[in-house]
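I've put the structures underneath this note.
Paired with subunit B in one complex and with subunit C in the other, subunit A is shared by the two complexes that follow.
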Partner chain A sequence: MHDFVEITPLGGGAPRVQEINGIVLSEVTDRALASVAARLGQEDEAKALVSGFIEAPAPDAGRLSGSAKSAFWTGPDQWMVEAPIETHEDLAAELSEKAASRASVTEQTDGWCRFDLEGGDLVAVFEILCPVDLRKGQKGDATRTSIDHLGCFVLRRETDLVSVIGPRSSAGSLFHALETAVRAVR
Partner chain B sequence: MIIHHPILGPRDSAEFTYLGDANLIHRPDWQAEDALAQFTDYGYQRKNPAGVHRELWFHEQGDRSWLVVTRNTVTHEITKVELARDVARAEGRDT
Partner chain C sequence: MTQVNRLSGGLIDRNAPLSFRFDGKTYQGHKGDTLASALLANGVRLMGRSFKYHRPRGVMTAGSEEPNALVELRSGAAQEPNTRATTAELFDGLEANSQNRWPSLAWDALAINDTFSNFLTAGFYYKTFMWPRAFWEKLYEPIIRKAAGLGSISFEPDPDQYDKGFRHCDLLIIGAGPTGLAAALTAGRAGLDVILADEDFALGGRLNAEQFDVGDQSGAHWAANTVAELASLPNVRVMARTSILGAFDHGIYGAVERVSDHLARPEAGKPRQILWRIYTKRALLCAGAMERPIGFENNDRPGIMLASAMRAYANRWAATPAQEIAVFTNNDDGHRTAADLAAKGVTVAAVIDTRENAPKTGSYEVLAGAEITGTQGRLGLRSVDVKMANGQTRRIACGALGVSGGWNPNVHLTCHQRGKPEWREDIAGFVPGAVLPQGMSVAGAAQGIFPTAACMMSGAEAATDICADLGAPTPAIDLPSTEDAPVNITPFWHVQGAKRAWLDQQNDVTAKDVKLAHQENFVSVEHLKRYTTLGMATDQGKTSNIPGLAIMAELSGKQIPQVGTTIFRPPYTPTAIGALAGRSRDEDFRPTRKTPSHVWAEEQGAQFVEVGMWLRAQYFPRPGETHWRQSVDREVLQTRNSVGICDVTTLGKIDVQGADAAAFLNKIYANGFAKLPVGKVRYGLMLREDGIAMDDGTAARFAEDHFVVTTTTANAVPVYRHMEFVRQCLFPNMDVQLISTTEAWAQFSVAGPNARKLLQKVVDAEHDISNEAFPYMACGQITVANGLRARLFRISFSGELAYEIAVPTRYGDAMIRKLVEAGKEFDAVVYGTEALGVMRIEKGHAAGNELNGTTTALNLGMGRMVSKKKDSIGSTLSERDGLNTEDALKLVGFKPVDTEHPVPAGAHLMTKGDPVNAAHDQGYITSACYSPNLGCHIGIGYLKSGDTRLGEVVRLVSPLTGLDHDVEVVSAHFVDPEGERLRA
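Showing the complex of A and B:
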């Protein structure tokens, strides 16, 4: 038997959590991800697959929806689906089976890292980080933008809780960017 | 420069990359009699107008959609932004 040691995107044995300036910056590793993209002429089927799985309407452009299982919009007729990794480690296979060749499902879990920022002056933090204006936005917004040259999803789960999902191979750089911005806001 | 994305609203042009003339979405039929001449034109011949120009932009740091942007190359004024797939469908293409 192989005896592998699990590490988080930041390389630790457990997810990193830090509180700085009243903002809790935490690494999140307990969610599985899979993308669902519609095939030509089968847009409704892909949408139904997403909404059936998350037990909520598939999110419209620039939005996220669902709770225990959730999804966010990533592009026209494309979504990213999130579910607890404990119960859905094989999320892509599960969705793929439900899709029955009527939508394209791709495993995404290990391609990404996720950091949550909660509390404090998040509006000011994101003004430093990216062009997304939290002041104009609201709960449920989901958009992709560039943070320190890294393409990241910015998800407003609650008014004062934002998830940043970025490329796992740049987890250290992304965390550094977030930490620097959080430290800059007082 | 701000590009008014048809789905996502105003976005900073830094999120986009530029490809060029929107005619690039009219890829010639490779089985046509004069395919070589058509592909030579398609690959190398570009108008370079000082004025209104239709061009392709890619929302690389966003939702990764291709856009057809109508822009004045002299003033940088953008008068129209459409999804490239909507443009193609309006022309009767099924892709």
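Showing the complex of A and C:
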């Protein structure tokens, strides 16, 4: 095991967690990410690869599926696969081996930061953050959107649990935007 | 202070008294009051001074269309000028001041302008300040600027926060008057997802301002009960204090919700206002109508107001502008004001009706076929002169006059996408045209339907139609019976012969100004508007445009619809710039990107620089260094002498995979990539479609079907976008997949003669990185720190023996610490972007300054890199004659002949002996620095036929700064031109 110590996207030694207005806002760092994109003509095989790994159907457009291991749709025949970092630290290598020439797999774990918002009036929070309409949405929705000029994924894991996955280098700005919105809820 | 003009009844909360100040004086009002209603209740009619002539003015309306009663609200940084007293909701401690007066509202020195009104007519500025020409900037403009404007600003940053938000609905109902409420009830009960928005804080529109009943309850009660039912429905969102500002594309509406304007201060963390973007399937405009005034002599005295406003003040706010009032009307609705105020105990001196057949509506006197020919009262109305039907004149004492010239449907939002309103003779007003913004319908008074019962019916029917369109079953709604009086109007725009009949009270435009504009041939409505300023400023002519058009029609012998209206544009009402900015201000103006070594760099006291959104370490000052050059020179020398480390994560990284990855890169890059062996890196130049250089970088081949492309920091996103375009649109049949990995890997450059020795301490021993095993331009997957996966590239931007090493970003912090620790024995230095820049200029490497969107591979000295053996993007157009002239610019280096001289970037090059002018321009310096290795300033840049002029001395000039000295043309490779170091 290597001897490097990691830091979180917010630059700390441990993930940050804050509760404001009944909403728990937490930095999540225990998930590995890898992108899976089907090779030309291998769309069904790639889908099967994702599905086999997450033990659930590969998500359709705008959706998230799976539980312990999961995936969300990022584009036509493209998914982002999530798995516990503890057991799948080198997720991309693992998937790449399974994929052979069916799909292109790229390590994405550290390309992103993830913040979860749980409880409270999330509809009110998200309507001042982005055009994603949580009133109409449901569990399992996955939407690419823009939050304070940052391209983000908004994943509805549970009715009252939403993950925002955004660019890691702007984690501070994104967290500030989320925190400000949570504080602004009336 | 007693509220001398407070009446009985009304919708104010008499159990909630509020104290406020106007022009330093304390008054009392009630919850539910506006500033205007509270001032009227306190006997204050004079509220402002007009823009140009500083005429005393009072409140004219009871809504957002107010042109006169503009005040400065609050104080200090929160001071807001030009706020309408008619929409300012009263709160305890509210502080307001009148504006555009000195020294006081009652005695204003600049009222002298009024005396010179004969000169200050339309076009006065255009005609008067033409000569002498030189006077404009130094004399006229400063004086005019000083006198111009209404309110003043604090010059302090806005202390409040604003949010931007997004809402979605099936149906947006704009306006919560009788029409909007009936529509919302229909659609709400049918289960549509409805947003009902109204700019007022009390919903109900005119129902709150009238005395007639709706069913068996008062209009206000019916409105309140209906709103309560709507609020209880989970599918209906009621948004009070929300102005719909504009109808935009695809059914999107802009709205401002005034969240905290009715509070002394917003609650901590809460916004003052929210700018909403509302996405709708359908919208129903129920914006009602606005009453319009009639032009007559001196019709602008405080106390003269719209009859509907006077009625609203009495009925809703229990306030009257005076105890004795009169009404001037051309339609039946004006009589309702007289009746309502009489019922409240106010003396109605007379109703002056321009119609011969005026109805007799109450116990007060009605003067049929009469006109008002003049008014008296400097700071407030005392009396009006009436020309009777029989030609006699009568003076009637009154403290206030309600004026009704008919009603204009609020068509504004129907025209935001260039719809043209249509004229309806029976109501003498414009109604929405046939072409409406996508998904919009109109109902009620906004449609030209004025009786309340018909409005409600119209709203319910429109909602039913929309429900049917959207597939929602509509239960029948039982609408209560209510006022159903027909419209009875005889158009009457202005009293003939009046010299100063004010049309646009905000801009002091009179009927005479319109005549002058016509006389001078400014007959198009748009010209009329600009020439006279009719309909400009905060109210955008809501009360003045139609009367102005009517007069222009009369003068030009046309019908009003032939004259037409000016274009209606958003926003409907004035909008704070803060609301448009939202949270994107100050340090949050845009996101900040931080590098993986940011925490460490902060600890070192690094000086940071913004590079796009990135914050990069610019240099690392050490104790004793007092000038940035000292730090930068040290970082450069130490790197070239031993080893330097730099965070280069910001360079774009794009993962390219697929069976056709190599073929794809062959299209993207001008040079060949198909034969690049696995484990090797190649420099690549990509061209735009037009043959101009787009970006440069490297591509490393990790497998037959896997490359990692690097881009410049600035072009990381544009290059990725370009590649996606090429993949999806130009070569969809290629098997290639792309994804950005810029942020996923923390990448560090390790450069200098001791780079390998340093890295050998960091890279795990099983990976041989000797020159033989890992030569220049090699790449590979390795491990560091006992097993952490990493990537190593032997590439050099500095010209030194150099590597770039990448680890997963969460270990970037550990990596920089490890490199610094391992480098101690070599006296390793960490360098910032300045030193990076110096070394690349010393080496003659192109960067953004050279790839400036005008230069080609040929200019860069890389003409031969554009492969002719294959087709790549831009290669054909790079062969254009104009890009391949004999004397084409070539990238070369420059050294000052006198080594003390600077070489500023941007300076131009001239052949010695030639005149210094554009025609003789030979080129320009693109990048320059002080080279601590050469001990002088150096530059690189483009010179005509530069590659054949090495050794020539040319003039470096900057006529703007007076720079003019000699520089020698040299190779751009100042350091190690043979490239021995980087292969060492």
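In this section, the second predicted complex is superposed on the first by the 182 of 186 C-alpha atoms of A that agree within 3 Å, B and C clash if a C-alpha of one lies under 4 Å from a C-alpha of the other, contacts with A are read in each partner's own complex, and residues count from 1 in each chain.
Heads up, the rule we're going with is that contacts are C-beta pairs under 8 Å (C-beta built on N, C-alpha and C of every residue); 3 or more make two chains touch, one makes a residue touch a chain.
Because the structure is predicted, anything quoted here is derived from the model rather than measured.
Participant: Examine A:Q108 and indicate which partner it touches, taking first as subunit B and second as subunit C; both and neither are also allowed.
Facilitator: second
Participant: Answer with first, second, both or neither: which of subunit B and subunit C does A:A61 touch in the superposed model?
Facilitator: First partner only, subunit B.
Participant: Once the structures are superposed on A, label A:A100 by its partner contacts, choosing first (subunit B), second (subunit C), both or neither.
Facilitator: neither
Participant: Is A:S146 touching the first partner subunit B, the second partner subunit C, both, or neither of them?
Facilitator: In the superposition, A:S146 contacts subunit B only.
Participant: Which holds for A:S35: it touches subunit B only (first), subunit C only (second), both, or neither?
Facilitator: Only subunit C is touched by A:S35; subunit B is not.
Participant: Who contacts more of subunit A, subunit B or subunit C?
Facilitator: Larger number of subunit A residues touched: C.
Participant: A:P131 contacts which: subunit B (first), subunit C (second), both, neither?
Facilitator: both
Participant: Which subunit A residues contact subunit B in one complex and subunit C in the other?
Facilitator: Shared contact residues on subunit A: 40, 131.
Participant: How about subunit B: which of its residues touch subunit A in the complex?
Facilitator: It comes out as residues 7-8, 11-12, 14-15, 60-65, 83, 85, 94-95.
Participant: What residues of subunit A sit close enough to touch subunit B in their complex?
Facilitator: That would be residues 40, 61-62, 73-76, 131, 143-146, 151 of subunit A.
Participant: Spell out the part of subunit A that touches subunit C in their complex, as residue ranges.
Facilitator: Touch residues, subunit A against subunit C: 1-9, 11, 29, 35, 37-41, 78, 90, 93, 101, 104, 106-112, 127-128, 130-133, 135-136, 148-150, 167-174, 176-177, 180-181, 183-184, 186.
Participant: Within their complex, state which residues of subunit C touch subunit A.
Facilitator: Those in contact with subunit A are residues 161, 163-168, 193, 259, 269-271, 274, 277, 279, 583-584, 588, 590-595, 598-599, 613-614, 649, 655, 657-660, 705-706, 733-737, 739-746, 783-789, 807-815, 818.
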